[in-house]
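Below: a set of structures, written as structure tokens.
Two complexes come next, and they have one chain in common, subunit A, joined by subunit B in the first and subunit C in the second.
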Partner chain A sequence: MKAYTDNGPTVGLFSSFVPRELLFALGCVPVRVFPTATKPTLAEMYLPRNFCALTRNLLASFLEEERPRIQAVIFTDDDDSSRRLRDVWAEYVPVPIWGYLEVPRTNDSLAIRRFASLLADLSREIESHTGNKLTVGHLRSAIAVYNEQRHLLESLKASWLRGNLPTLLYRNLRRLALTEHPQRANEALQHQVNAMSASMPSEVQVNKATDAGTRLLLIAELATPTSVVRQIESTGARVVTEVSDLDELSVAQQVPEKGETLEDLLASLAEAHLTKPPAPRTRAIRRRLDYLAQLARDRGAHAVICAYSKFCDLPLAEYPLLQAEMERVGIPVLLLELEDEVLSGQHRTRIEAFLEMIRHK
Partner chain B sequence: MNDPKDVRIRLLSWLLRSPLGLRLVQALLAGRPQKPHHHVSADFFLEMARAAYASRTRPVVWSNIFVPSELFWGLGIVPFFPETWAGLAASMGLSALGVSQAAALGYPVDLCTVHRSAAGLRVSRLFPRMDAVVATSHTCDLASQMLSNFAHAEGKPFFLLDVPQRENKEAVDYSTAQLQRLIEHWCETLGIVFDLDRLRHALHLSNKARTLALEVAMLREAQPAPLRGSGMRDQLGMLTAMFGHPSGIRYYQTLRDYTRQRITSSQPEQTLQRVRLYWMHLMPYFESELLSHLEDDLGGVVAWEEVSTIWWDELDERDPLRSLARKMVSLFFNGPIQRRAEMALRLIQRYHCQGAIHFSHWGCRQSAGALHVLRARLRQEGVPLLILDGDCIDPSNLQLGPLHTRLEAFIEMLL
Partner chain C sequence: MYVAGIDIGSTSGEALILEDERIVGWSIVDTGYSSRRAAEEALDLALSHSGIERTQLQRIVATGYGRVAVDFAHQQVTEITCYARGAYFLHPQVQTVIDIGGQDSKVVAVGAGGRPLDFAMNDKCAAGTGRFLEVIARALQLSLPEMGDWALRAKQAAEISSTCTVFAESEVVTLVAEGATREEIVAGICRSIARRVAAMAARVGVEPPVMFAGGVARNCGVVRALEEALGHPLIVPEEPQIVGALGAALVARDGATT
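On to the complex of A and B.
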């Protein structure tokens, strides 16, 4: 398997709904695309200025790059922004689109069946580009690789929650898992897990670490900008969970590897991806609010920071309900509408004032 | 009048909920000098208002405008479309109320004013009761998100129709199966009884209205243009609410006769006609000088509006759910921008337009997101596109000065 995939094309993904297993089984290296552009200036030629900031930054990143590491991309119909980005991409970005995956917004049996059949269509499209054939054996092995990754990430999360792993390192490892060759990523994650178990601190230290300071739940789309996390933790507050594609919105459960046929395996992948924790795109507001409230309780969060991309409609439109629900159970919420990774002075002041307010509550 | 406690808002809320009040409004409207089809549409919307606000005999389901209206009429349900009513409220000068109340609820100002206004009007009690909510996922993210918010706030059942982007057999199968489930869900939650013949009848009415609407579309090919484009700004509301209801037939019959009469009597509504244009996306719902300047001062003729287009094929009355599924999936706003662009090119040719104008409503990502691609495609065929940024709901967000200047330059260039 390893030799088969090492030289495969690197395929960029914009959504956590694309099963990476499928691409890996077809000899590709699937990587999640993170924006690298400092400003979305180049994208403004093609997308309106009041368009989702993350989407503009993603486009700008590709327009800026002279030799992109990514050889092809897969689009999904996650929201209006991704649909329009695809229109623009097809015309102006010299990185080919290898597939367009429609992802159902519901997760009943009808939706799961449809998604499984759309995954089969996508695999045929990828086959036509790579010349590799999807087989039961390859897909099973690919699922096993990602299951191992999920297992390692869960173990690292447990360490992080116990206070044994700094937040920034934990987030870097999660990002590495999304952006690197999965087997290489797993080696790095395993290495970290081994290092952690070799230097396990005593229970007393653990409790001290976890109990200190204000505990925060972060909500974002792709990932909370590192600058926000840095600022929060520099004041002694602690991030205890992040509901974003980087962490809680990824598939955490083990995907069954035992299917006898491709259809079985694709159905398992479809189900795992559609039943992962709800994002705003599912419009399942009750389920989402219950999920967030439960998570806040489980992690003992004192407050929530929503670090949203400016002009990103779905989370912004959900925000008033989320705020009301959290405040009903005594958890204050701060909304940041961010243009890029860099925090403005005004944002810094708002975070500072918010944390100050919580400390004095 | 930005406060829901304002006596005028309370009076309006009472008027809408009182059968007597609605009769009063109807009498007032009937006495106003209007075009014949406007009487039909006013009666239709008042009847809807009566059923939704003042009567309790039929369930009221809130919906976005792209759930096929035939479904509601064919099931004996009263639909309520917050988007349409937000437009109606804008035409009555109530936008500021909706928008300010939405801000008080915590909705960020960068969201589309159609939905912000609707959210504000709802909490101001200017919207009717709600028994259930349905929304399609396609075309506009915000519509379904906001409707799910409303359902949540009122503790009512919400059903999402997940409409695929691609137009193929599997997409239609999937949508049909969801419509089937939706009906089962409503039978359970609303206690309605599904009557296939009644649904078929709604499709029959819809097809008849469609034939008449297509006749209107044909008559509007005439030069000079018989109708003013600005007078058609309510078409999306008609197209998405009236089909399947007997008023749809009356409305398009009246509009057809009126259009024909304008042609035969050589009395076009707009006297100065210099340049023919294709209008894309919405128009301001409130009275604004933008359109009057274009039409009366510059002689720009909006020969056809994108949102007046009958996009669906004749519905198959023998297979109603499949037909309605196909109607949803085939919407021109759905799928890649090419669908919209190719339709634009066909209509530009059909109506002999020299240019196109896209009114980019503030906050509408779906319509404005791929304008660069759209403009390039039209340019390829020699059609210039003018993009006007504005707001069709909030007059304070429509900068007339710069827009007039751009319109003038555009018309000048086309002449």
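On to the complex of A and C.
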């Protein structure tokens, strides 16, 4: 079934728990909002300086420019920061809020049923704004579009892990997938996959030189700042996985698109989003720690760098447990608390010293 | 075989020439506006003290916050690694090294052979650094070198509650107005720095023997306050400012022989 329109309203999202399929099926273009503020201090008029830096930067991004591309936003109740951002937003940002999605903190069958019902509520809210009706056909098509995107991203990830795709290019493609119209993003991803296939070296030609360096697992909220990745890779170390909304915390598995009813399809979306790799907001902290330790082992990571936004409560509160878990399996961890994309001299020294320490081991 | 280590900090730059296991010369200069110029100047001075020519150097390693500006060095290494190496060279039993420099402070757990095992650094904030002392010295119209003696003369230390340099400076002005003596205020400032660094050290875990290096280690008031805060005596090298440059020279020596 054809989408309602190719150029429906662009809706900004602040969480990876909002199924983009749902919005796309309702004729919207869902895009993930990344901070772009050049004057993050603008947010200090409404949020204290010791408030989550990512939240402040997101708010400042909308305060300093009109963001005409984004016509509405949807919030979730991920943590105190997102709740507070929503309150401030409603008062001071001239971009309407089209929905507020509660997301369960567990993923048992009851939670999945509850989430599916909340998604149905959200879809009715969006329907009231767009005038478009959510149908089985539209939702199936939308799921198919995003399944294709997942397939393409997994293919690119495999290339990146083999060393055939530079980390920064891989991350740019992932960001494009989150911030562009999904079909146009898929075309760009397909183009890259085709280009890789055409020039794909055989297994024996794959460049393993970088594998000789330190292999790092990165953990961040939305995405590790590019400046951190650049700094790491400039030393010869290699990022082998990134646990953030940009990569591992997105829904990677294919969502079943064969449901006969809207309820079936919404249940599939609910299950896919609640059973994706666990974020710090999950109540099952053990599941998250086990997942991170297993991922580090699977990717052969020598060390972990946590690049968290300063004053971001959830990951920072989790950090001591994470550090203890990683040390238990013999993997050292570095914590970086960042205000924005810019690395200070101390941050650079921390990263370099940490990598020197790993190499000496 | 001659090698050189250069440590460019925010306040001072040091260079040290090593011939195998022997320190043959070193220098300390003000960093000023240019890290590169300070590195050249420190190296030239150290070479003249050593009586050797730059062409005799087989390898140069730069460290410190200005290391990236030393483009004539063969390698740049962080001060974390260099302080661990330098401290181990001077005292092979050392398990922890604390460095308080002009702009930052750091604590390094030292392992076998001078290998860094873990570390902690201050954030981009002047509290707990030499800059903090400088600001307060100016407010009290004292010179940096005399601050330590003033602190030791105090019968009690004034309570400085703020850890922020800007707020602490205002607090000092208030204490002066309330009649606190300069000795008491300086002792309070030393204790404030010591508490902050001790809290940072606790993140790494302080294992004795502990070496105290960097320019602030020259301040006997901070040394005493830090010993009290840590509960361990501190080893202060004869020249605490050159430990980083020494470590860099040792890294250079390793690189020259491999």
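Note that the second predicted complex is superposed on the first by the 353 of 361 C-alpha atoms of A that agree within 3 Å, B and C clash if a C-alpha of one lies under 4 Å from a C-alpha of the other, contacts with A are read in each partner's own complex, and residues count from 1 in each chain.
Note that a residue touches a chain if its C-beta (ideal position, glycine included) is under 8 Å from a C-beta of that chain, and two chains touch if they have at least 3 such contacts.
Treat the numbers as computed from the prediction; the structure is a model and nothing was measured.
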item: Subunit B versus subunit C as contact partner of A:Gly345, first or second or both or neither; value: second
item: Partner chain(s) touched by A:Arg83 [first = subunit B, second = subunit C, both, neither]; value: first
item: Contacts of A:Glu337 with subunit B and subunit C, given as first, second, both or neither; value: both
item: First (subunit B), second (subunit C), both or neither touched by A:Asn50; value: first
item: Superposition-derived comparison: subunit B or subunit C, residues of subunit A touched; value: B
item: Touching partner for A:Tyr170 - first (subunit B), second (subunit C), both, neither; value: neither
item: Subunit B versus subunit C as contact partner of A:Ala353, first or second or both or neither; value: second
item: Overlap of subunit C and subunit B interfaces on subunit A (superposed complexes); value: 337
item: Residues of subunit B touching subunit A in the complex; value: 105-108, 110-112, 115, 135, 137, 140-142, 144-146, 148-149, 151-153, 158, 160, 162, 164-166, 170, 174, 177-178, 181, 336-338, 360, 362-363, 365-366, 368-373, 376
item: Subunit A contact footprint on subunit C (complex, rising order); value: 65, 77-81, 104, 115-119, 121-124
item: List of subunit A residues in touch with subunit B within their complex; value: 45-48, 50-52, 77, 79-81, 83-88, 90-92, 100, 102, 104-106, 108, 110-111, 114, 117, 280-281, 283-286, 289, 310-311, 313-314, 316-321, 323-324, 335, 337
item: Residues of subunit A that touch subunit C when the two form their complex; value: 332, 337, 344-346, 349-350, 352-354, 356-357, 360-361
